[in-house]
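Heads up, there are several structures right after this.
Heads up, the next two complexes both have chain A, just with different partners, chain B and then chain C.
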Partner chain A sequence: MPKQQANWSPYDNNGGTCVAIAGADYCVIAADTRMSTGYSILTRDYSKIIQLADKSVMASSGFQADVRALQKVLAARHLLYQHQHNKQMSCPAMAQLLSNTLYFKRFFPYYSFNVLGGLDSEGKGCVFTYDAVGSYERVGYSAQGSGATLITPFLDNQLKSPSPLLLPAKDAVTPLSEIEAIDLVKTCFASATERDIYTGDKVEMLVLNASGIRREFMELRKD
Partner chain B sequence: MSRFEESAPARGGFSFDLCKRNEMLMQKGLKPSSYLKTGTTIVGLVFQDGVILGADTRATEGPIVADKNCEKIHYMAPNIYCCGAGTAADTEAVTDMVSSQLKLHRFHTGRESRVVTALTLLKSHLFSYQGHVSAALVLGGVDVTGPHLHTIYPHGSTDTLPFATMGSGSLAAMAIFESKYREGLTRDEGVKLVAEAICSGIFNDLGSGSNVDVCVITKGNREYLRNYMLPNPRTYVSEKGYSFSKKTEVLLTKITPLRELVEVIEGGDAMEE
Partner chain C sequence: MMNLADSAPATNNMLGSEADSQRTLYPYVTGTSVIGIKYKDGLLFAADMGGSYGSTLRYKSVERLKSVGKHSVIGASGEISDFQEIMRYLDELILFDNMWDDGNSLGPKEVHNYLTRVMYNRRNKFNPLWNSLVLGGIKNGKKYLGTVSMIGVHYEDDHVATGFGNHLARPILRDEWHENLTYEEGVKLLEKCMRVLLYRDRSAVNKLQIAKITEEGFTVSEPYSLKTSWDFNAFKNPTLDAEGSW
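Right, the complex of A and B next:
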């Protein structure tokens, strides 16, 4: 009898796309609000973004049950940190915590594709991008999720410096203004929605800067 | 059809010669080629003067939209149209093929084509390919015997129905039909119901989207309403627009006249008749 494969999977993909862009003194984090399974829509109004600390915001696409569990673990760890150190976690510290949390489940991973955005200790925008098991890197911009392959080439074209020798990746904060960056994010999502069936309904955008956090919504195609 | 004469095995029945070869190739790691599926919502209903067909316009390749405005209502005869769901190449090929066969048949008989003729040609073709031609069709038309609506499944079975839906969005569309269909609809009521059913598929099924196409067929007349509804305009267009810097740089321009390299024989061999 040939070897039988398991036909039950503990994972599901709820789709969705997340994007983050770092600026000189701001950070934009955005995600669509559609949650789907197979060819059906579960809800058009689901937030994939969570504020973990006053200067750290995480957006995650993938399996939302695992994303929820991950968010709870990080929130609990942040609360412990605040009790022990009497201060909020900085964004780079949260970035490392997220990486360790993901690698902790290396052999039964969180099916979660994350981007972490925020302001570093100097007030500059920072974006960290992750894979499902915790490999991370600080970058100037990132996209994750079902529409990532559609958005990343566009962001590379608009934001990436011509030569990696001139501007090392970790210092690549975009010279764009906050308004221009938001315009870029809106264009990215409107375009990804045209061609990716899992992206659509609404896009939720969070902007972090020195004066705090601002949330904006924009309607997307609902088909 | 000549195909039958060549490949009919001596013992009769089906020839499974290639199955062993296909299995061997799969074991060696050959992945079956990906194909464009339409992931669709298609519908048809019978109203008091004829039939109305409807379809969405999205063609998908996995999770990506390959065509935002494709045509899924195919012409079969002046009085017969066919909506197609499943693999786009299969629906195109099979409807084109049967459309040609119907035309030849019209020349031969001197009469208007009948829907049952198209039905029989389609179902026997699909059955002979044992479901490998992945075409799920909604066939509708009006002929001398009256209005007809049929569904045809990839394996070759058919149903004759007053209202029908096929494709990944068929459940969303059928929910609308089952709630609101009644016999003896007028043209405007029928078109409205068909558009509503397709919209239900467009918004609730991820495999369907973009616009609504409608085709109304009555005795002696048909109206092909391409893009009858456009409920999905692009939501955001940046005012300032985006420019893409020209990063290509001309390093060297070299022109090699080919005359020096190639021997040109004047008045050489003309092509054979």
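Right, the complex of A and C next:
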């Protein structure tokens, strides 16, 4: 009788969607609070967002245990950075750290789809988008996770993003006001919830601007 | 001269065949669902006492609910021997905590975090502890209830369950759980869930324990059985509408 092979996977997909939009002097980062496995909902109230530094907020969806481990590694590294340099990490610096941390496990990846949002050293909104192994770029807005395919085309249309092929490179940061951007994010989630079974329950939104950080929640369909 | 073609196994062998004897591949003796809920004065847990060996109900007096330190309760489903190993880890953790003798003790949140890290790290080494754990307790008036799976997926909520409990018990709890359940209401709710599991989960046995933890401490009930009803017309004459069947 042939030897029975391992029949468990070290990965699971706990679902969820993350979105971030960069503005002239603010950044909105949002994620739903549903955690699923297979066709079951595990909990309706799980935050996928973590504030890593004063001006850096990360939202991640995918395999929850890896997401949590990644958050812990980054938080620990930031603490060390503060001890060594007596200052907070800038958002672009955190962006590079996240990329390096992900690539470090290139051959047993963190199954985590991340969006990093915050304010750069000039106070302008910045969003960095990643794949699971650390390839990243700075963009004006991004969506990751199970509802990303539903949200991204909508944002492309509404934010009228310039082609990345243009020279000189045109900034993709939106001229929309903070209120308009938040409203757009709410619309994104309400729409994604309709068609994506893994998105729903609640959306948690964090807004970073010069005056600090603010959190907002909105109820979503629970089915 | 070693014939490499013969020694290479035919199936996917990314993880090494000789090394397979050193890690968990599949469970042997398993426990089924555990349910936990918060109630007015603390937390309540329910689990049956079955230890299945595949499809055989081999052991019928397995205690799957145990206290951890002064403030927490752990319930385990999955491989029983791995649960016993986890209890050894936890006993050592609590011992070291007590040895500090500093008036501080590990609460449920800390124990849950510890377990999460243990489970995740074992998963990283491709040698999991084949359990789904429920961890809850109360410390300084604050109630905590969480769960962690064999690959490290974890969360806290007002009610949690493992295995079949997630499919059969959680919907009932989502409908009927509320913050101010009395002890009697909580037990009734748990029994309702356990009864559904008894009817529908083939690895369930009709011998269960209810554990309670409050600021006063931990208690676990004596094993008892639930009343069941199989008195349905369709069961009495199952072939009524099926001509030709037996």
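The rule is short, and it goes like this: the second predicted complex is superposed on the first by the 207 of 223 C-alpha atoms of A that agree within 3 Å, B and C clash if a C-alpha of one lies under 4 Å from a C-alpha of the other, contacts with A are read in each partner's own complex, and residues count from 1 in each chain.
Going forward, a contact is a pair of C-beta atoms (placed from the backbone, for glycine too) under 8 Å apart; a residue touches a chain by one contact, two chains touch by 3 or more.
Given the structure is predicted, the values throughout are model-derived calculations rather than measurements.
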Check your understanding: Clash or fit: what happens to chain B and chain C when chain A is overlaid?
Key -> fit
Practice item. Mind working out whether A:217 is in touch with chain B, chain C, both or neither, as first, second, both or neither? Key: neither
Review point. Now for A:12: first (chain B), second (chain C), both, or neither, which partner does it touch?
Key: second
**Study point:** Three-chain overlay, vertex chain A: chain B-chain C angle, C-alpha, nearest 10 degrees
**Key:** 60
Exercise for review: Examine A:43 and indicate which partner it touches, taking first as chain B and second as chain C; both and neither are also allowed.
Suggested key: second
Review point. For A:35, is the partner it touches chain B (first), chain C (second), both, or none of the two (neither)?
Key: second
Exercise for review: Report for A:103: first if it touches chain B alone, second if chain C alone, otherwise both or neither.
Suggested key: neither
Practice item. Mind working out whether A:193 is in touch with chain B, chain C, both or neither, as first, second, both or neither? Key: first
Point to revise | chain B versus chain C as contact partner of A:69, first or second or both or neither | key: second
Practice item. Using only C-alpha atoms, work out how near chain B sits to chain C after the chain A superposition, in angstrom. Key: 5
Revision key, fill the gap. Dual-contact residues of chain A, meaning touching chain B and chain C, are 40-41
Check your understanding: Quick one: in the complex, what on chain A touches chain B?
Key -> 15, 36, 39-41, 146, 150, 157-158, 162, 183-184, 186-187, 189-190, 193-198, 218-223
Point to revise | Contacting residues of chain B [partner chain A, same complex] | key: 39, 58, 60, 63-65, 68, 168, 202-210, 231-232, 234-238, 240, 242, 244, 247
Point to revise | Residue ranges of chain A touching chain C (in the complex, touch as defined) | key: 2-12, 14, 35, 37, 40-43, 45-46, 63-65, 68-69, 108
Review point. How about chain C: which of its residues touch chain A in the complex?
Key: 9-12, 15, 17, 20, 25-26, 116, 120, 123-124, 126, 128, 150-157, 166-167, 170
